[in-house]
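After this come two complexes, each holding chain A, first together with chain B and then together with chain C.
Moving on to the complex of A and B:
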């Protein structure tokens, strides 16, 4: 535990203890980004990024995913939701079908 | 009188052992194909529900032929299936609402409103219904849901996939349906029934894209 240097330390000769909290390393790895219909891409990321950024990095525009149902690892998500390495990100078009 | 011999499929689907009633709601693109394939496989207790008539623009992607134009879809399906398989199906020529359904139910209508209405009025938490299979088709993509309608987890998941017709993405009139997509979605939907019957696991959600080709499925 760090403590504030005390002016008395100079007199007593005690070295103040200063602990520096290490900055957590940002995880690096792949996410899988899929749009149905549209395609699937693995994207390398560092740390957390938004769903929208994930799709952009996978080659999809904001318009491409506009109106789609978004999921991260099977759970409903928004374009602003965060994803991290190992996540599966999905956009599925809302089909009205089965019109024949 | 000639009879159908099912011996080439007995290792996977022996029709005599399958005694569950099947209701096919909607006899349009996927509905007409699915009812036809079920009868071809030897399913006997099939009820087809639809209130529509056959139009000329239905012919390219539905089971109907030229002679069926102007007929009720249910009557045309009944005749086609009888001629092709010898099976006499039951028909209901009206919209399904608060119906007492049993066994396996395919929901193959063409609006989200009707799907939601049928789900809430006739399927959700209904103990007689063992399995609900619902499909949504685009011209080159689709979704297939296979749900036990008394399972809380599955109900919650399925309801999270429902959206309004207003939210649904419109397809241009000339990119609505084509036979190979219909047959692919119909075949996958029926295969879930076969796996259910055989006690195997099956995906509760299939997301299908045919261009580019991609299948994403999820199992419990």
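Moving on to the complex of A and C:
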């Protein structure tokens, strides 16, 4: 039975795995915290912090993200979920296209 | 896969010689993008644009009906920095509605089938994400945008109900 294609295989065909060094998890680094509507802020953190703490450090209050859908790297999250350096944290209240 | 990593690293860091750490960062980000919900495939075009292929996109407005919008090719072109209008394109691979729409919020350019999004209230954030070369956030925003619909501000006079019904809740 053929294996399920990896998402990154499809455009290039399946190739032998090429050695690219795995990036070691860094304890210290930036996360990107964004809110729609609102803006984005890069925040330097050490180790893991909660989503709520990430928003607070980016200048958003608990009220600002109340009722928003939260995501970490595109996956649903809670205010208590943990984030680590390199992560993208997003709060979306309502996307409204065709504003004009 | 190596070609995609190299291409993506060039998007992130430009044409300079890349370090192992930069290549590892590029690989890590590509893996994050490839694992995003609805992403089926990713690639980097020779013209340095990031391409995502999505699974079926549906929209459920505040009603009991889910509408089928289509499978999309998303092109995130970093080179053009003037505005988000020219840096993000959506191609609906399944259908064009009323010869005009690739998505409720995307109008088709003449002849080429590319949907130009009206990004509405994510436009500034998208521009910030691209300016800082945060393609993970840009990809997340594109996917969220495709699954959104601005009720009461239907594109170009067409309502969501011109799209095929995917599912009805009883």
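Basically, the second predicted complex is superposed on the first by the 67 of 100 C-alpha atoms of A that agree within 3 Å, B and C clash if a C-alpha of one lies under 4 Å from a C-alpha of the other, contacts with A are read in each partner's own complex, and residues count from 1 in each chain.
What we mean here is this: a contact is a pair of C-beta atoms (placed from the backbone, for glycine too) under 8 Å apart; a residue touches a chain by one contact, two chains touch by 3 or more.
For clarity, every value in this text was computed on a predicted model and none was experimentally measured.
S.K.: What is the contact status of A:67 with respect to chain B (first) and chain C (second): first, second, both, or neither?
M.R.: A:67: touches chain B, not chain C.
S.K.: Examine A:86 and indicate which partner it touches, taking first as chain B and second as chain C; both and neither are also allowed.
M.R.: It touches chain C, and chain B stays clear.
S.K.: Return first, second, both or neither, reflecting whether A:95 touches chain B, chain C, both chains, or no partner chain.
M.R.: In the superposition, A:95 touches chain B and chain C alike.
S.K.: Please indicate which partner A:34 is in contact with in the superposed arrangement: first for chain B, second for chain C, both, or neither.
M.R.: both
S.K.: In the superposed arrangement, does A:50 touch chain B (first), chain C (second), both or neither?
M.R.: A:50 contacts neither chain B nor chain C.
S.K.: If we overlay the two complexes on their shared chain A, which of chain B and chain C does A:42 touch? Say first, second, both or neither.
M.R.: After superposition on chain A, A:42 lies in contact with chain C alone.
S.K.: Looking at chain A, does chain C or chain B touch more of its residues?
M.R.: The partner that reaches more residues of chain A in the superposed model: C.
S.K.: Let me check the overlay on chain A: which residues of chain A are in contact with chain B and also with chain C?
M.R.: The overlap between the chain B and chain C interfaces on chain A comprises residues 34, 36-40, 74, 90, 92, 94-100.
S.K.: What residues on chain B touch chain A, complex-wise?
M.R.: Touching chain A: residues 26, 28-32, 58, 61-62, 108-112, 135-138, 140-143, 160-161, 163, 165, 167-171, 176-177, 182, 185, 207-212, 214, 216, 218 of chain B.
S.K.: Can you tell me which positions in chain A touch chain C when the two form their complex?
M.R.: Touch list, chain A to chain C: 6-12, 15, 17-18, 20-23, 32, 34, 36-40, 42, 71, 73-75, 86, 88, 90, 92, 94-100.
S.K.: Along chain A, where are the residues that touch chain B in the complex?
M.R.: 34, 36-40, 67-69, 74, 76, 90, 92-100
S.K.: Name, in rising order, each residue of chain C that touches chain A in their complex.
M.R.: Its residues touching chain A are 1-5, 20-21, 23-25, 27-28, 30-32, 34-37, 39-43, 51, 53, 104-105, 117-125, 128-129, 132, 134, 136-137, 139-141, 143-145, 148-150, 153-155.
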